[in-house]
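Following: one structure in structure tokens, then a few remarks.
Every chain is named by a letter (A, B and C) in the order it is written, and numbering of its residues begins at 1.
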């Protein structure tokens, strides 16, 4: 490490500082919106395979993973307002994921959190700018909200929260509880934030990118339900196993963005593979995207071949354990 | 997920559609060739260390991995024509890999598959465009070819099968059997497809890129021969252990492209490392390329230093278990 | 594989050859410096948690990982000259790392190695150009230096050792002992080389990039101290656990480069995560960088939010086992 006073170009710093001030000022001006969300943490039953069967290879059944299908999970549920009475419906393919928070660079995000469970919980976001009280972790005011408690998190969507120069027009960030993070992630307290670049949004108020027709999110994660017993190792995509996640449906020539995320443990090194179609990953063509715990990858696809295709982890044991579902091109 | 009718720019779609039609038409015109291959699946003996010894550190021997060296494997073998009588010779460094299928963007690939084994098998390709019957997996006509059966797969090499804008002039895709994929991959039914960009091919009929002098393929994979017993965990590069893969030979200042692939299980997270030389990985300089199951990476090297160099997995246990060989610069 | 004599464009080769000669000549001219280092290998005590406590969550303590904190390690220590009497002080955040070797593309590096231990050891560098005797591995003259022995390694910093076209202005390479590499890496014989692009150095003699104010290095590695017993699996950043690595301190708006490296075994697949700030990874915005054994990643950050933030592995078990520390923005 070296120190600043050894630098020959110090004279340039005041200029830099003025530039930064102008930059911050320009953000304030162009701030289009405060994106407001009401999210409750709730204790619910979760069924890893609502059909009760293996929808990929029905004749194979669910193996030991079918011994028990329903477990108590903790989830983030989105509501329309601060009465927390009207849950916002989610597409079927979102599975166990909490509500998707969307914003454009320049926006402010406000998340009104209600902890309707019996554990102290929080919401810790990746990517966005916050001070200690809005970190949702590690000792600030929002770091641990007691059962029944409420807290409003304020996050700033600055340039450093948005797509980089080689990223697509929107990128995905994780959010999750972070009081005892490893425990609460396994409970199911997981969601995503999608940030669109300032000049790529569909309209002045809508945070959806205009060069994309459809966005899907896929969380690859092995939930550990029975203290490492194999029957409780649920190898899921968005919390479903053996094809029980439905709704990844699109049509030919749509511009589809896939946001891929993973969370978990040493076994959660996944390789998401689509049959039937490739994706563009920052200029690289592939049909396999590797994701390790907390990786966040946003890749683009324009479906070319109609069909009912597999979408699965290419790690052999994971595929066999049910980490597989279907995506449909009409 | 949002729906198309909420978009303000729908008027642009007909234009897009006409553009796409023209694009498809232009492919038909520029299609240069049908690349035709005759590939049989065969049951053979495979020796993981034909020399019988450790060619990296002879004094260390092969350890438990040397207890048994020859196992029954299933392999893809390339033939000159539909008599399947004349196998196409492969360079020694290809080891257990099936024949390399080559094509240029715009081509059609036809693979005439003969299953000369006692198991139902298939050929499932990554990357290329196919309909359900040509997927080689998951229920289509080519999804499971019985013992003695034949099937011709037709794959379209469209733009989405070729290098992306930031890829080198050729990229690698896997193919493998996909009836019970995890089992058949471990049997050895693995090969690659190399696709060259349309304007980067060496000639109008040759699918080899003209900005490259030599291409090598390296599959990092741990074959599991004895139900997880360590002595049967063969830590291989192209199916050989402890330096028994020979033939990675080049000369100073050649333009060498390395296509790296991995397959397998939770332990198959590999970090391929060359001594003596670095590679360029889409603009990034390194000498270690990480590959997880089904990852496919194509990186470029111009050898600068003559020598007999190691090429090995940098994961400690893997290196110790024989995942190491040599590459030679003359 | 195909051979050169099948190429239609052979006429271009003499031109290429002349170009290469000119290129090599230009390097000789612009070679600014020989970077000279005196490095000894020494046997020392190492304390994984000098504070004796858990500085992240003090109430949780150190668990089984606290049973024993001090072990015998082998380290690379930098000295001012060939008397090896005056060790070069290192910042606290460097922890167990050996001295950082710095050079600019065009330089020569000379490392005068003294093996002050009871084991044969070496220094094997990544990235730089060497012949067999300077490889520090695999049989050359510098491949195994006996206890008490000395050896001077000469490494050439050619273009292929410097940043690629899409890399930042400096990149990190590992060096480590490579007689029995897997054993010596676990002993602690690890350091880094940082190479700055020729036109990006701060001055004609200083190898530090001028577009960066501060550089940090973080090694994520699980040291195995007790033959796989969990209490001996020290989940470290630069050799410290549970917040005992101190000194990652910077100020708002500094241009900070983080060089991330990993080494080790099958469990050493890490995902480094910063709270409070994102990084730019070759044009991609993220706050999680995945590193597998021997991966070397250099990413940039401009701190935006003051605070005392976590920096930890996002793999659940690793985080719980102490792979966590703090970075501070003032």
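Convention: a residue touches a chain if its C-beta (ideal position, glycine included) is under 8 Å from a C-beta of that chain, and two chains touch if they have at least 3 such contacts.
Keep in mind that this is a model prediction, so the values were computed, not measured.
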After a C-alpha superposition of subunit A on subunit B, what does the rotation angle come to, in degrees rounded to the nearest 5?
120
Check the residue numbers that subunit B and subunit C use where they touch, and answer same if over half are used by both copies, otherwise different.
different
Just give me the whole-number Å value for how far the CA centre of subunit B lies from that of subunit C.
32
Send over the residues of subunit B in touch with two or more other chains.
269, 282
Tell me, which parts of subunit B touch subunit C in their complex?
91, 93, 202-203, 208, 210, 213-216, 253-254, 267, 269, 271, 273, 275-278, 280-288, 290, 302, 304-310, 314-320
The subunit B residues in contact with subunit A across the complex are 1-2, 4, 7-9, 16-17, 20, 124, 126-127, 129-132, 135, 137-138, 158, 160-167, 171, 173, 181-182, 185-186, 263-266, 268-269, 282, 292-296
